[in-house]
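Just below is one structure, and these are the notes that go with it.
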Amino acid sequence: MIRFSQVFKRYPNGFEALKNVSFYLPSGSMTFLTGHSGAGKSTLLKLITRSELASNGQVLVDERNLSRLWRHQIAAHRRAIGNVFQEHKLLYDRTIEDNVALPLVVAGLEYKEIGRRVRAALDKVGLLAKAKYYPRRLSGGEQQRVGIARAVVGRPRILLADEPTGNLDPQLSDEIMRLFFMFSQVDVTVLIATHDYRHIRAHSAAVLALKEGRLVEDEATP
Amino acid sequence: MIRFSQVFKRYPNGFEALKNVSFYLPSGSMTFLTGHSGAGKSTLLKLITRSELASNGQVLVDERNLSRLWRHQIAAHRRAIGNVFQEHKLLYDRTIEDNVALPLVVAGLEYKEIGRRVRAALDKVGLLAKAKYYPRRLSGGEQQRVGIARAVVGRPRILLADEPTGNLDPQLSDEIMRLFFMFSQVDVTVLIATHDYRHIRAHSAAVLALKEGRLVEDEATP
Amino acid sequence: MTYLLRHLQVLFDTLGRMWKAPLPTLMTLTMLGIAMALPLVLYKIVDSLAEVAGQWHERPRISLFLNFANDRNMDERAIAFARNLLQMPAIDDIEYISPSAALAEFKRVSGFGLAMDNLPENPLPPLLAVYPYPTQERAQLEQLFAQLAAMPEVASASLDQAWLQRLAAILALFKRGVWMLSVLMAVGVMLIISNTVRLGVVNRSDEIEIIDQIGGPRAFIRRPFLYFGALHGLFGALFAAVIGHAGLYLLGKPIATLAALYDSSFKIGWFDSTAIAAVALSAAALGWVAARITVDWRLHRLIPVAS
Amino acid sequence: MTYLLRHLQVLFDTLGRMWKAPLPTLMTLTMLGIAMALPLVLYKIVDSLAEVAGQWHERPRISLFLNFANDRNMDERAIAFARNLLQMPAIDDIEYISPSAALAEFKRVSGFGLAMDNLPENPLPPLLAVYPYPTQERAQLEQLFAQLAAMPEVASASLDQAWLQRLAAILALFKRGVWMLSVLMAVGVMLIISNTVRLGVVNRSDEIEIIDQIGGPRAFIRRPFLYFGALHGLFGALFAAVIGHAGLYLLGKPIATLAALYDSSFKIGWFDSTAIAAVALSAAALGWVAARITVDWRLHRLIPVAS
């Protein structure tokens, strides 16, 4: 679960990217995060992974107050989160397989278990056949799917995604959304930043709409 | 103008990304390039910038056969092309301003002229106020717009864009498309790879649809 | 068990990375080898010289002029007296120089050869050259000298002290040289390794950022670089041994020529393996420390903790 | 004009980059400084020694024993003879050693002091120490020796030849040392600069890829790195001058002590500025070459031309 209570985020240059944001996402919920370019969507997600720290207010993730997290606890906190980045952030000198395995290696799993889970994750995004390829050989959309496989392979309790389907064709992006929805069915808290209102319409999911850093009534959804 | 005649592209691992592709884009035309993820859109664009070389067939850009280009002519060829990359490819240690100025610096323009043109380009994408910022401070969509400004600042004869609006909200992405359309009005050859069929519907533009490396009848457009 | 296994895996992974980029690795190891070979070679030369100097060239010597000149049994008495003296624990060796031997040596050394031939009789007294153990302290040496000078058989005695000062001065010079060079080269080794680690961090900065985002602990991120630094120190020392041996070989010829001209068969040996092992371990430790400092410094910038 | 301007701009840009990352720049320059200071210092020491050795220590010397022993006017005659000899163009200097001076020196050197006091009369002949100009060829020296030995005033003569061989051997040793060190250090300098340039290329690999995509010519991409290499060589040499001077200062004290013990006022001076300028220019050239090779090697991988 994720709870924001009157959260403000001011960047060092004084820019206020989030203003008085409060919401509650229970476990097993699937939520879309929308808003114009620069509205503060990525900033909000970064607060959840503790890549940024709220300037004011409380961010609670699974009952844990992130501003009370010790330095050495941050890594463990992030391991409980699956994150699909806006840029794909793949390692270009490792195969697809190894890229997807990374969170499991970091967590220190057994080799066999890693192999099994990686294949399952790649299968879900339709890239099992390219497991041994290097990312440079993949198209933009394929790389994005590798990022998605990496986010879900660790069976996280929380799943964040920042424009996960920006480079995918409509058909593929529908499939990916169905995958995210399946995760929310098994009690994972799913939060997806997107511009694509088709998905919002298609899934009966909650919507958080940002406008210049404030949560607004979901006016934008047609 | 761009002309492909029976172009094939086989990657070193044997994968055939383009098969027998032929088309002609006259100067001043605006064309959309569509197709599923992995269809070969980025590959096609890379052939035009001579980042890849066709395995078979001819690629002519402004009457020049790219397979006859000498090594030292490639740079000049690329300077005549404005390119919006699928990943933003910004320099994170330079300001927005300096990023946009790069093609002009490379071309060796006068300082004053560079400043003038950079401001004009940033204004067109709505980022003039953030000219002195570093890219990390910008949101994903803002970075994408910087990439667009950099592509158009050199007043290229050819403008290529690979998913230029993947991270933009609908309103912004419409504006960007109008910008591209304006360029085609002043005799620039514009070619845009996109998944967003809204644009294709909105603009009376030609469409090249790829499917597994082949040009197909434009069946996908609804 | 798993912990050990993971360390081993990082070790082999790091070795693999070094192996897969042979040219850069060789370049760095060559630099490190050169840096470490210099003090090794200089130390070896100084060490060999000090050894030779101690036992041969500038040994402390007490000259005893005996008062049995013009005695028929002069030689026998002198030798018997020398035998007695050799019982003293401080004395290492005694050489008897008879008046005739002394005169011959004098002719040879002074160049007065022809001119001395018409001396009516040998004016020189019998002489004992007493060599104390070189380990003697200066005070002990002077005490021994006083003791010997006071003996009734001794007409006069002299202690050559210049050798002490000269030896001390030479050793001071060389020691300072070796010391300066070692410090410089330790600094050099750390700088080279630090630079290489920095290159590694930059090269893998994407990887580091991603692992940090994914929840990799800092120790996990740091570990390969620590191994990287330590391995470079270790292999660098082995390169140094090879380069140093080549240097000793190339210097061996002119050194032998020079030594022959000074009537010495002085030769520089090879490094002994314990010395190389010691250098290798210190270098590995230096590399580890350099890597640790560098990585922390870079990580601080690359993946700052938001606060 | 614009061309020159653009070069100047790259120069200042590169200087700015070095200035903005002071710690890495200082580290690299220190490495380079150390590497270049070593042969500089050794060369300076050898050079100074060779100079001193040539004019003082191992000078060629011909000893002439005169046959006017027991002559009342011995001293005057010897000095007059010496005056005559000094007219010869090959002779630089002559020292007259009277029998009493020779005896005193002999006592001092041999340690036979007390024992010699009861000599009935001084057995030594008058002696002239003849010093030819050190520039003499060996054959000329032997010819001079024969000429002097044949003179009626000369009872016997000796030519000390060992100095020649020893000097040659010492110089050969030192020359080989300096030569080896210089080669090693030139290699070291190129490796250090190559490594630093490689770090720069990796650090700016995104920039390089983007500029290549945007249509920047290779010369444009390469230029800052060439400046980078050359500037590092240049500044490294200046660091070497500073470090070298510090080294000479630290070594100066023990060298002076040692020289004093050998009755010499031998001192090592500082580097002269033309030598430093020469080293700086060569280092800049080495840096440029190292950078060129490295950049080409890396660009070949980073932005290959599709074909």
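Going in written order, the chains are labelled A, B, C and D, and every chain counts its residues from 1.
Quick note on the criterion: contacts are C-beta pairs under 8 Å (C-beta built on N, C-alpha and C of every residue); 3 or more make two chains touch, one makes a residue touch a chain.
As the structure is a computational prediction, the values presented were derived from the model and not from experiment.
Novice: Determine the set of chains touching chain B that also touch chain C.
Specialist: A, D
Novice: Let me check something: if the centre of a chain is the mean of its CA atoms, which chain is farthest from chain B?
Specialist: Relative to chain B, the chain whose C-alpha centre sits farthest away is C.
Novice: Rounded to a whole Å, what is the gap between the Cα centroids of chain A and chain B?
Specialist: 29
Novice: Indicate the whole-number Å distance between the mean C-alpha point of chain C and the mean C-alpha point of chain D.
Specialist: 23
Novice: Could you work out how far the Cα centre of chain A sits from that of chain C, in whole Å?
Specialist: Averaging C-alpha atoms per chain gives centres 62 Å apart.
Novice: Listing for chain C: what residues touch at least two other chains?
Specialist: As it turns out, chain C has no residue touching two or more other chains.
Novice: Residue numbers in chain B touching 2 or more other chains?
Specialist: Touching at least two other chains: none.
Novice: Touch graph of the chains shown: is it line, ring, star, complete or other?
Specialist: It is a ring, because the chains touch in a row that closes back on itself.
Novice: Which chains touch, pair by pair?
Specialist: Touching chain pairs, listed by label, come out as A-B, A-C, B-D, C-D.
Novice: Can you tell me which positions in chain D touch chain B when the two form their complex?
Specialist: That would be residues 2, 6, 206-207, 209-218, 220, 305-307 of chain D.
Novice: Where on chain C does chain D make contact in their complex?
Specialist: Contacts found on chain C: 24, 27-28, 30-31, 34-35, 38, 63, 65, 69, 102, 106, 110-116, 118-120, 123-125, 127, 155-156, 158, 160, 162, 165-166, 169-170, 172-173, 176-177, 180-181, 184-185, 187-188, 191-192, 194-196, 198-199, 202-203, 243, 247, 250-251, 254-255, 257-258, 261-262.
Novice: Can you list the chain A residues touching chain C in their complex?
Specialist: Going by the criterion above, the answer is residues 49-53, 71-72, 74-81, 83, 85, 89-93, 102-103, 106-108, 150.
Novice: Give the list of chain A residues in touch with chain B in this complex.
Specialist: 11, 13, 15, 35-39, 41-42, 86-88, 137-142, 145, 162-163, 166-173, 195, 197
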